[in-house]
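Listed below are the structures to be examined.
After this come two complexes, each holding chain A, first together with chain B and then together with chain C.
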Partner chain A sequence: MLELRGVTYRYAGYARLVLHEVNLALRDGEIVGLIGGNDAGKSTICLVASGLAPASVGGELRGEVVIDGTPTTSLPVHALAERVVLAFQNPATQRSGVTATVFEEVALGPMNLGLPVPETIQRTRQALATLHLEHIADRDPTRLSGGQGQLVAIASLLAMRPRHVLLDEPTAQLDPEGSRLVAAALRDVAATGAALLVAEQKTDLLDGLCDRVVVVEEGRIALEGPTPDVLADERLESWGVEPPARVRISRALEGARLPTLHQLGWMP
Partner chain B sequence: MIEISGLVHVYPEGTRALDGVDLHVAPGEALAIVGQNGSGKSTLVRHLNGLLRPTAGTIRIDGRDAAERKVADLAAIVGLAFQDPDQQIFAGRVRAEVAFAPRNFGLRGAVLEAAVDEALAAVGLVEMADTNPYDLGYSRRKLLAIASVIAARTPVVVLDEPTTGQDLRGTSRVRRIVGDLAAQGRTVIAITHDMRFAAETFGRIVVMRDGRVVLDGAPTVVFAESAWPVLASTYLEPPLAARVGARLGVGTTPTEAALVAALARRD
Partner chain C sequence: MAGGYLVPLGLVAIVLVSAAVAGILRRLVRLSVLLTLPIAISVVLVSALTRPGETVLFVIGPFDITLEGIDFAGQTLVRLFAISTAIGLFTLTTDPRAFVLDLERRGLSPRFAFVAAATIEAVPAMVSRAGVIAAAQRSRGLDTEGSVAARLRGILPLVGPVLLSSLTEVEERSLALEVRAFGRPGRRDLLWCPPDRPAERLVRWLLALALLGLVVARALGAWPPIP
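Up next, the complex of A and B:
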């Protein structure tokens, strides 16, 4: 369980509060979607939930972030890394810059956890296989396409077998197949009992993936509930979020006084 | 006019990213390039402004071989907004970042200021002109990268995944920018994974697989049911509107508006 309790946060050097009294509980085995317009606070929630803000990026936090009963403020950064990992929005931010091959890049996380070499190799192979990256294992991690770089970043995180996972737009640069692979991998991670938070613009992806969806607007939780209810909420567009295609098409048909997708015999 | 023939690019470590691309782009055309990750989309567009040079094949821009032209000359013709804005942005202020290219192309004074203001207005960053780009969120840094190529007023604009990380408002803004650029007679080439954005914004869609062009045509051609097996071989899916239209037997409806119109006609 990963909890934000009454979290208010501002970045170092800024007077403006980016999060206001955010309460959010991610239960074990649960995948929670986080949506909202640009600059609504999604990335900040990920940073705060990971403990990296304020531990690494500074700033001022009021309230508490609690991981499996332990407040993050009582954990050093290396201990945090064993409990929760964050996939950054831009994979280039996450890349270590010290490895020569994709294989080494993915192996770096388990190595830093101090795992034995055979287990590091086994985990690395498995993470690469999960995202169908075996064919680029020997490539230079700095010379990948944007989407391949994003998959490698997620493989690096899977290889750490983290307790809980936060992902900031994990599929932004991925093709539909890459998005499907990532979604399947995230379901497997949740099945191990991890709590997952997925910040995304792609509501179509969250539609089939998440147990719950949370909407953030101007640093506050605006709505929270079961995925189908939240993604069909009429206010979504006013929050800068595009509803999933099936919702948009249903509305367009309704607006034109046409039969619904269901009545037309179309099943997803 | 951009004429690409038999273009091959092999990276130093041996990756064959382009494997014989043929593509002609007419002046003022707006086209989207789609394809799976690693299919060669970014590699292809980086040849247009000379950032990469062909291993084999040719690129002719306005009748002249790009290989004979310096990067600085090509940069005045082809403006490229990078997929990763952080590879592009370097100035300490938003306004200075946007002014960099047009100043290099010789714009000064009121003309330069006008080009910068116009570009900032197009991407909605006017109020952040004096901000440090790194104090902007990722989505705004993407828009800043796009503003820089708008301001450069190059006849050809290349946008590498312009809607990545954009919310609903940002995506509509990008759609409007593409329309405005095309209306000014500028050629727009955008790489995207967003099939809805491609179908609604561009008159032509080019599909790449393993370094080659496998489909090339209007959205009604590329998303027609007969093309689905080729799309599937690139792990792409037509937009939901096209799938629903085909299932209901109302023809190829690449956009949601086209689907509603086709169903309304049927009734």
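Up next, the complex of A and C:
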């Protein structure tokens, strides 16, 4: 389990607090969606939950982040990497810059964990296959499209087989097929008992993926609950989040006094 | 005097022949001239105009142009060209990632290897980023064409964004590497090592011997320093 207990955070050199008394628990095998408008604090929650803030980013943290019963502050960053991984928004900055092929790029994490070569190769092949990237395994990672780069970045983390996975807008540059692949891969990861936190603007992706959704607004948890309930909440748009297509269609049908998708039995 | 030219010109010849064999002679000469030119202009001007000497060739205003000054400028230029062609040959023929991987295989810390790779790749990455930022700024009306003065005026607003975005990218990249346990102590089992043919090993040994020979020659005074 990964827990944020009363976390308040401020970036180094800033007077303003970015997170205020955030309490969030990610249970093993659970996928939790994290939504909110721009600058709401989603990326910061991911950084804090990963332990990178304040360990590497700096800043001031009050409260506690606990991973499997151990406070992150008591672990060095490389030990944190063996327990929790974080995928960033920009695939270009996730390239290591020290590898010549996509295969080597994906293999870098397992290599860094000190795994023997056969296991590194096996994990790399599996991560590439999961995201259907075998055909670009020999390509130069600097010459990929944004979507391909994002899939490679996620594959690089999956190959580490982490206990907990945090993803900050993992499908920002992906087409629908890429998003579906990532969603399926994340379900597989959760099935292994890992806890996942997915910060996303695409509520349609979260709708079919997450067990729970958390809304963050100005650094505070504004709402938390089962995915269907949160994504159907009337206040969602006021928090800068577009409801999923299912909800918008249902509302349009209701407005036109037509049977809703739920009443038609097309949606649960 | 001849010794001051002979060794650097000999080195330039060896580098250029190697570049011709590798099929990169034109690119190397272009790169080396570009690298050398800004320093060369200032060296020639300062040496020719201010270097004192006994043999005055001609006079320009208040400046005596001496044979010694021209000689100093010439020796400096050939040395600069030797350095820039050698560096150019290295960067044009060596995959930086293979280079740092091989260094790591030979015991270099992965962190140092990353710093070395990032340094080698920094210039092309920055040039590429500057191109993207310049295109974005041009689409918003920034004029980067025309006379030298107009181009300079157009480039100045790009400097800040290029430098800041480079710094941000380096920070994000280092975080992404930390997430992938890059800082974990202990040895890593590398997946491959660059091919290393017997001929390459022989050339490396010859280069090391040549370096040693040059150091000894300099110590014994056989290769005089620039006067």
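General remarks:
Rule of thumb we're sticking to: the second predicted complex is superposed on the first by the 261 of 268 C-alpha atoms of A that agree within 3 Å, B and C clash if a C-alpha of one lies under 4 Å from a C-alpha of the other, contacts with A are read in each partner's own complex, and residues count from 1 in each chain.
Throughout what follows, a contact is a pair of C-beta atoms (placed from the backbone, for glycine too) under 8 Å apart; a residue touches a chain by one contact, two chains touch by 3 or more.
Bear in mind that the values here come from a model prediction, so they are computed numbers and not experimental data.
When the two complexes are overlaid on chain A, chain B and chain C occupy overlapping space and clash.
Within the superposed three-chain model, A:Asn38 lies in touch with chain B and out of touch with chain C [touch as defined at top]. Legend: residue contacts after superposition of the two complexes on their common chain; A:Ala184 is shown touching neither chain B nor chain C. By the document's definition of touching, both partners, chain B and chain C, reach A:Asn90.
In the overlay built on the shared chain, the residue A:Val98 is in contact with chain C alone; chain B does not reach it. Once chain A of one complex is fitted onto chain A of the other, the partner contacts of A:Pro176 are limited to chain B, with no touch recorded for chain C.
When the two complexes are overlaid on their common chain A, residue A:Ala252 makes contact with chain B while staying clear of chain C.
Once the two complexes are laid over each other on the shared chain, residue contacts for A:Ala12 go to neither chain B nor chain C. Common to the chain B-facing and chain C-facing surfaces of chain A are residues 90, 92. By the touch rule above, chain A contacts chain B in their complex via residues 36-39, 43, 89-90, 92, 136, 139-140, 143-148, 151, 169, 172-178, 201, 204, 237, 240-242, 245-246, 248-249, 252-253, 255-256, 258, 261, 264-266.
Only residues 50, 52, 56-57, 76-78, 81-82, 85-86, 88, 90, 92-100, 104, 107-109, 111-117, 120-121, 153, 156-157, 160 of chain A touch chain C when the two sit together in their complex.
Interface residues of chain C, counted against chain A in their complex, comprise 95, 97-98, 100-101, 110, 113-114, 117-118, 121, 169, 172-192. Remark: chain B residues 11, 13, 15, 35-38, 41-42, 83-84, 86-87, 137-140, 160-161, 164-171, 193, 195-196, 235-237, 239-241, 244, 247-248, 256-257, 259-260, 263-264, 267 touch chain A in the complex.
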